[in-house]
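Heads up: the structure comes next, in structure tokens.
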Amino acid sequence: MLRECLENVHSKMPLVHSITNYVTVNDVANVILACGGSPIMADDGREAEEITAVCQGLNINIGTLNASTIPSMFLAGKKANMLSHPVLLDPVGAGASELRTSTALELVNEIKFSVIRGNISEIKTLAFGSGSTKGVDADIADKVTEENLDASVAFAKKFAESHGCVAAITGAIDLVADADTCYVIRNGRPQMGRITGTGCQLSGMMTAYLAANPQNCLEAATAAVCVMGLAGEIGESHMQPFEGNASYRNRIIDAVCHMDGEMLEKGAKYEVR
Amino acid sequence: MLRECLENVHSKMPLVHSITNYVTVNDVANVILACGGSPIMADDGREAEEITAVCQGLNINIGTLNASTIPSMFLAGKKANMLSHPVLLDPVGAGASELRTSTALELVNEIKFSVIRGNISEIKTLAFGSGSTKGVDADIADKVTEENLDASVAFAKKFAESHGCVAAITGAIDLVADADTCYVIRNGRPQMGRITGTGCQLSGMMTAYLAANPQNCLEAATAAVCVMGLAGEIGESHMQPFEGNASYRNRIIDAVCHMDGEMLEKGAKYEVR
Amino acid sequence: MLRECLENVHSKMPLVHSITNYVTVNDVANVILACGGSPIMADDGREAEEITAVCQGLNINIGTLNASTIPSMFLAGKKANMLSHPVLLDPVGAGASELRTSTALELVNEIKFSVIRGNISEIKTLAFGSGSTKGVDADIADKVTEENLDASVAFAKKFAESHGCVAAITGAIDLVADADTCYVIRNGRPQMGRITGTGCQLSGMMTAYLAANPQNCLEAATAAVCVMGLAGEIGESHMQPFEGNASYRNRIIDAVCHMDGEMLEKGAKYEVR
């Protein structure tokens, strides 16, 4: 399953339109290329729909949203819906400001997302209209743990059902759920949290996976989560003792670049609930 | 010839003003520093002309053009023309949206460019007012090959003549032409295409070369293309087996940083047509 | 003293709001994470105050200022002042355009900064309302040297006194001064000047240090300068012969990531004047 999702990305080389933040956009572009896709970034309202139309998937990330880019997110999102292209929402920092929360909620109301991917705090904000976001990282009191896993899985499924999408809640333990099925993924390394934009990168790569596997969003999203986590493990194994988060960032993207279906099937650590 | 162009960059340390996209801007700044120039980015209309005036060259890249930056491109371009500074256009994605195509065409109409550098699809869009752009990569059906080289060289010369500029059409085979002479360059590596922004980087570095060699645009542009391609070869030779596109990006800029005139003369692979 | 400043960052993990340029923003985010802080970037006027309110420090960098972000700088700065959060100004390119100079001067008039950090040319522009800026690098005729050190130290103290802040003037020799005391720091390596954004990175990291040591701005700023310079030395020691500015950028951030209080106390080279 995972292998097929990956190989579809390699063979179809989907073009992914990202309207994303300027903090991590370069890494998003490079990880989309690394995984086998092709990136294009365009956020002016006069071209947002047209660029979306020539792509196979749309990645909306509200990380540095502004008065110019927000309308483009709606235009592109609606166009992608019309064309039945997969659309992903990364509600970066939802809960940290009224602008982020309300924009994310409006996007969810007006656009049909294939996947909503965020940390638990951001997803809770979308679920409950509030939540406590510490910057762009998940509230520590609210992380998914082995102890609260049953409740977290139930929450993910319910969120997916009520929003008619796949929910991808990432953290130390990752959950990818639709209404009925939840993949619980235990790949990755804690030090990934010290790199800016691993979440944004995952969203970009996941959109490439969705674009190459449009009939199979749950598995495609799961595969992307496993690739990212496994790349974090492989990347760490190549670190020299003096290397830190800057080099780790490169080693993870490098590992995505070398990932094939066999490595993914062997290395992915998930269970189905 | 190439050596002299490179050494002029090292000795003159030209200041280059770039109005460019936010996806690859950091790499553009670092490659300008690596090659011996000094970068400044400024895209607000209230300072675009003034910043251009203190620089020796202007690099206009439409990669993430918007309502705020487009007018700045025109202001800076006209100011640079008034001051007889070299101006380069990188029409990223021309053909992919009406906004990109029309903006690129208007820029070409209103500003005199020393060099227009793009992939074959983008240059064809400027030549014919249409074209097929797959995202930011050249249309595969339209790439420059050994088989269509004569026709491609003729097209490059004609484009250069009709636009009164040097045409730099880059891909697996690179062409740098004025109306009479075309350099055909065979440096570089295929894997460079899996890094975001190698074209943008080349445009930034090329502008530094033009700024340091303003009387000699054809050779300066050729030298920059050779430096980038050769850096791709040298960078690849330093890759470890597990490294991918993220590390390769760094190794290429590193190689630009270490390039000297002798290495360039030895490694450049070009013919004149 | 330096050790305590560093350890406070590690234990408090301050959240830092940066309104900064898009050229170097990714490196700023990664160096804030590397030093133990947590970054958030938000520059829309509708959320600037709210994001500042959830953070512990604010970093204002005018590197690619525009009509949208300038008002956000004022809003966030005033909010941070109301909340008594440390605020840092990095007046990138002040002196290079009227827009930069006037914006920097207005910011200094309307907002109380804990630290103003720039090269000597930028700081002189703020002091005298003019100055000669060559792009974003200090005017060579105006650099701090052993020969002009007494005068430079006096200038730094006077600037600090008249602006009611700590002055951090960085270059080959770094000065960090309040009205009475000036730390003269001799860490760092010349090759750091060939990386884009080492100054921006220092400003981001310094804001994390201020946020974790709000009662002790002079020492916190000094510690951040020492960390950056020492990281430049350590990073250089890990360079392979073929590596250049792109790799060096990563190695410096990596070294920040591994820095502890003991390394800092041992490696910091400063005197008090």
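Order of writing sets the labels: A, B and C. Residues in every chain begin at 1.
Basically, a contact is a pair of C-beta atoms (placed from the backbone, for glycine too) under 8 Å apart; a residue touches a chain by one contact, two chains touch by 3 or more.
Just so we're on the same page, UniProt names per chain: A, B, C = Hydroxyethylthiazole kinase.
Everything numeric in this text was worked out from a predicted model, so none of it was measured.
Chemist: Please identify each chain that touches chain B (Hydroxyethylthiazole kinase) as well as chain C (Hydroxyethylthiazole kinase).
Modeler: Chains in contact with chain B (Hydroxyethylthiazole kinase) as well as chain C (Hydroxyethylthiazole kinase): A.
Chemist: Determine whether chain A (Hydroxyethylthiazole kinase) and chain C (Hydroxyethylthiazole kinase), two copies of the same sequence, contact each other through the same residue numbers or different ones, counting it as same when over half of the numbers at the interface appear on both sides.
Modeler: Under half shared, hence different.
Chemist: Calculate how many whole Å lie between the centre of chain A (Hydroxyethylthiazole kinase) and the centre of chain C (Hydroxyethylthiazole kinase), each centre taken as the average of the chain's C-alpha atoms.
Modeler: Distance between chain centres: 33 Å.
Chemist: If I count partner chains per residue in chain C (Hydroxyethylthiazole kinase), which residues reach a count of at least 2?
Modeler: Correct list: 22, 26-27, 68, 249-250.
Chemist: Using the touch rule from the top, collect the residues of chain A (Hydroxyethylthiazole kinase) that touch chain C (Hydroxyethylthiazole kinase) in their complex.
Modeler: Result: residues 21-24, 26-27, 63-68, 93, 96-100, 134-137, 194-197, 240, 242-247, 249-250 of chain A (Hydroxyethylthiazole kinase) touch chain C (Hydroxyethylthiazole kinase).
Chemist: Spell out the residues on chain C (Hydroxyethylthiazole kinase) that touch chain A (Hydroxyethylthiazole kinase) in their complex, using ranges where they run on.
Modeler: 15, 22, 25-27, 29-30, 33-34, 38-44, 46-47, 50-51, 54-55, 68, 234, 238, 249-258
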